[in-house]
Amino acid sequence: MLADEPIPSEELRRIDAEIRAEWPTGDAVDFEEAIAYHGELPPEKRFAEVLESADRPLLQPRAGVPRLREQIELLEYLHGEGEADLLPTTIDSYTRDNEYGKARTGLEEARETGEDTLNGFPAVNHGVEGCRELIEAVDAPIEVRHGTPDARLLAAITFAGGFRSFEGGPISYNIPYTKEHDLAETIEHWQFVDRLAGAYTDRGVRINREPFGPLTGTLVPPSIAIAIGIVEGLLAATQGVRSITLGYGQVGNVVQDVAALRALRSLGEEYLPAEVTLTTVFHEWMGGFPPDEARANGVISLGGMTAAIAAPDKVITKSPQEFRGVPTKEANAAGLRTTRQVIDMAIEQRIEIDGIPEERALIERESRCLLDAIFDHGDGDVARGVVRAFESGALDVPFAPSDSARAAILPARDDDGRVRLFEFGELAMDQEIREIHAARLSKRAETEGREQSFRMVADDVDAISDGRLIGRPGGAIGGVGRAD
Amino acid sequence: MPKTVVLGVIGSDAHVVGITILEQAFSAAGFDVVNLGVQTSQEEFAEAAVAHDAEAVLVSSLYGHAEQDCRGFHDVLAAHGVDAVTYIGGNLAVGQDEFARTRETFEAMGFDRVFDSETDPTEAIAALERDLRIATVEPERATVRS
Amino acid sequence: MLADEPIPSEELRRIDAEIRAEWPTGDAVDFEEAIAYHGELPPEKRFAEVLESADRPLLQPRAGVPRLREQIELLEYLHGEGEADLLPTTIDSYTRDNEYGKARTGLEEARETGEDTLNGFPAVNHGVEGCRELIEAVDAPIEVRHGTPDARLLAAITFAGGFRSFEGGPISYNIPYTKEHDLAETIEHWQFVDRLAGAYTDRGVRINREPFGPLTGTLVPPSIAIAIGIVEGLLAATQGVRSITLGYGQVGNVVQDVAALRALRSLGEEYLPAEVTLTTVFHEWMGGFPPDEARANGVISLGGMTAAIAAPDKVITKSPQEFRGVPTKEANAAGLRTTRQVIDMAIEQRIEIDGIPEERALIERESRCLLDAIFDHGDGDVARGVVRAFESGALDVPFAPSDSARAAILPARDDDGRVRLFEFGELAMDQEIREIHAARLSKRAETEGREQSFRMVADDVDAISDGRLIGRPGGAIGGVGRAD
Amino acid sequence: MPKTVVLGVIGSDAHVVGITILEQAFSAAGFDVVNLGVQTSQEEFAEAAVAHDAEAVLVSSLYGHAEQDCRGFHDVLAAHGVDAVTYIGGNLAVGQDEFARTRETFEAMGFDRVFDSETDPTEAIAALERDLRIATVEPERATVRS
């Protein structure tokens, strides 16, 4: 039965052997040899160590192309011209679906035609050797970023291949990323990933793990992201992971975003065991971008400004080409430098905004409601609890495509642009919280002279890509202050 | 009688927000929408089109694998005897491609219309109404986005 | 003798005739005919009215090319693609120097070769007719922006040509823009410009006047900009101007910038006569820009963010190509849209930052010190006072190239990035203010373990173009907060 | 004996910040700097070079009219008998021109070296030391920007 307990060593070995047999490249994985390999890696390629000792927010882009040589060039470019502190390797969608055959075809096509028909780097097909070539070629820590519900083989190969950070988690890489994967099963799959990371950690190779905070990237109330991040952190810690980066995706309201990042850190420190070194990551706006690079730069900069105020340990940047498709390396590097400029200009300033403690208190209270409900649902077992909480709707994510979530809650922005819920479904939030949200949203409805409805949600979904934060009817901008 | 459209995201793509908005917009415009959700296979599209006697099949794809995911799609539809209008829309190519080229590719594959991700739902609705030769139902509701 | 008194009508007519005789195009100016012409202009081209009735910060770029057709296309592009609310016509440097002959040669060269060898629009040479063609072709209000110490002929021609807003003033277009122009004489020249604007105003054609707030654009302490703006506003009001836009250039510290814009508005309202309708304009960073468009977008966005918080009536935008040279129209429009996106995303949010009232109080106190000194120096006459205050050094501007200013004061950023003075020279600021500045700056010197020196000033001059706000030794970034 | 350089902004250009930084940097590097300030005419440059027996004339221009302002400059210098090294730097063309083209233009006009506005003062100092064949005076002071 699913339980939040460490996978026993023999079991770990058994699964490891099993999943490595799934695809020819699994063969090359040898744990002892991999530990030795990692031991040789220079300090500047040790992800956890670099991240945890940073004295300013480190920047990391997203980037992955099918071919190895091109991936090396891309990462070198982002490190050099983009001044990225940390690098990514984003995995293609077929590999995420465990469709290694299709990924191989795509890789072969890419090699033959020179066109990138895969949307990422098929690490499983590149195998241990390919991964190591990448790690050795590039002078910065590199993380595996993907969206894979069953990432066991990917983890086995990339860990052995020298990667020392791995994004994702059973909830955050299921609920927003798939339709039919069973949540309980996904948790078991990730327990393996975490146990493997734990095994490396036990041997001195601290593998950093990063739950994917933004979820669907679309009007996710902060407390939901925080509760899920903490659950994934707990599950990982149980399996021996000691370096955890909790994430959060910008909603665009500066007060709410700064409050959320502070709540994320303090709740993370409270809930996660003391052995874990906690860091935080802030994702620049993950929802729909404006179809205009100039406007996209404004969105990116608002993220940089927020990061300067909240000072997370890491910022995942967007590119001005986010709207259209996978960015050119130049655009990706531009997003990094725009962010760097804003952060470095603003971070030395004391910018303390009114209302952050209040918003943070609300977020913490909401998060505790959700976490309590999860523990209750599992009679104290967080693994079982989270599955049942999603089943009952006590836990939910807006716009979740997964059958494991109800997707019954509806978010909308209040008159100040903060994300609230106007449809709570069965979400485990107490009456007072619901009333606070309702009051804020009815103030907005009043301002706009219309009812709360799906129409408002749809308007809010489009608002930032249409050039504003709140989806007012007719595209209006609401009450504006004056300089006095 | 309202016309039925089948809507879904093809392949292993999980971008759901766009079709959620489209579902609402097409419903508000008077269509019966069968929303198959994300990660829908070619067969599921075909079967749903048959089962609901759909007049149009609306395929969405955002993640950049549309071309691979749609290979042979119109053969599968034909094999199921589906003769509906077919549209595809979203982010149809990996990277910063010219849309004109992308449109050609997908038209060549058999789609009646190809839309980019700047498409406002009202444009797709207007096109479908023309293609199905029906008049706008209650014009003020049809304009779901101002 | 120079005095802050309205120019009598006959005197106005005499000078008018004289200056119109200076260059052939002066002939075409006919005041009565011009009043009639203005009467025909549609409401959307009336600068003051559009600006004063705006309900959100209006955006205006800088732009001027030599040829008429190209200028029309440029402005239409900035209005259309750039979504500019207000448009500029920036005048070339020869016209600013009253070198109308050289400007004509440049214009002819531009017409012959198709290359723009002038850095702006030579309005005097285009004459009344050329200006009107421009005004008629473009569907938005257009302002004359220049930098001309003696702008009398330029004003006569552009006012008659249909322009309804005119930047500059006797101090702000002398001290930062020239070396040898005598300040008292410049004031007399601008009294004529203002009196002419006043004459139009009397006849129902309210010409908007906008002192150039940023001065040298380089580490100018807010109070100096405010005091000078108010003096220019007072001089203009005396001559009958009724629509005045006081300006301020971003220093990059958000608290100081917001405080300064609030102080500017409240002091402006206090000092200017009640008949004047006051508006404010915020200039995005006027100092050296980064030699990288991506980073420049970050600088621009920080300006947008500041504008969203302070909500001035108008924002003058920069382009990402500021560093290199006169921007392409695309880059100019991009700067507008980036700014618009940031403002519109942030302006509906309540963002009230700690410390603004305190900084504002300091700025107001400093400004009053300077204004008191100016009035004292002139025995109550602001025109004479300002000349003498510059002479004595009681009033001064950092980096002023003009012989009329001492340029003896030296600014540097404090540890929070606010602009302070470490060399006051004879500047009229009381001892307590000097001590506040000294204390802030010695805190920074301590942080950096070095003495205050010109080296620190030079580092601060380069800091933003080098990617940060404060010019720390070795390019370091100072103490960074955390998310908790 | 310290070498003398004449520095100024030519034409009607008033951008003073750059030469203020340059003045300080060249002084710190051990040069005697005669700073003529902004809006300096060709004759003023030539006269100052003669009066101070300057080894180098450093012309700055930011506002985009450098080409017009410098026409005939080297003739004026020659007419005054000035045989100094001549440098020009700043933003030398209107608009977003290629710097390579700009450099050619000004070299053709007679300038020994042409610098763009990304130039760090240390580069100009190093170049001048080479051109005047003098060793670096106190290396740690010469590096005025780190």
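For clarity, chains are labelled A, B, C and D in written order, and residue numbers in each chain start from 1.
Keep in mind that, in the parts below, a contact is a pair of C-beta atoms (placed from the backbone, for glycine too) under 8 Å apart; a residue touches a chain by one contact, two chains touch by 3 or more.
Fair warning: this is a prediction, and the values are worked out from it, not measured in the lab.
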Request  = Could you give the separation in Å between the centres of chain B and chain C, each centre being the mean of its C-alpha atoms?
outcome  = 53
Remark   = Separation of the C-alpha centres, chain B versus chain D, in whole Å, is 65
Note = Distance in whole angstrom between the CA centres of chain C and chain D is 29
Query = What are the residues of chain A that contact at least two other chains?
reply = none
Query = Which residues belonging to chain B are in contact with no fewer than two other chains?
reply = none
Task = Pick one for the touching-chains graph, please: line, ring, star, complete, other.
result = line
Inquiry  = Dump the list of chain pairs that touch, please.
reply    = A-B, A-C, C-D
Query = In their complex, what parts of chain D are in touch with chain C?
reply = 11-14, 16-17, 20-21, 24-25, 37-39, 63-65, 67-68, 91, 93-97, 117-118, 144-146
Ask   = Mind pulling up the chain A residues that touch chain B in the complex?
value = 93-94, 96-97, 99, 102, 106, 116-119, 176-180, 216, 218, 287-288, 291, 321, 323-328, 331, 399-401, 454-455, 458, 461-462, 473-475
Query = For chain C, which residues count as touching chain A in their complex?
reply = 55-57, 252-255, 258, 261-262, 264-266, 269, 280, 290, 292-302, 304-305, 310-312, 333-342, 344-355, 415-417, 464, 467-470, 477-484
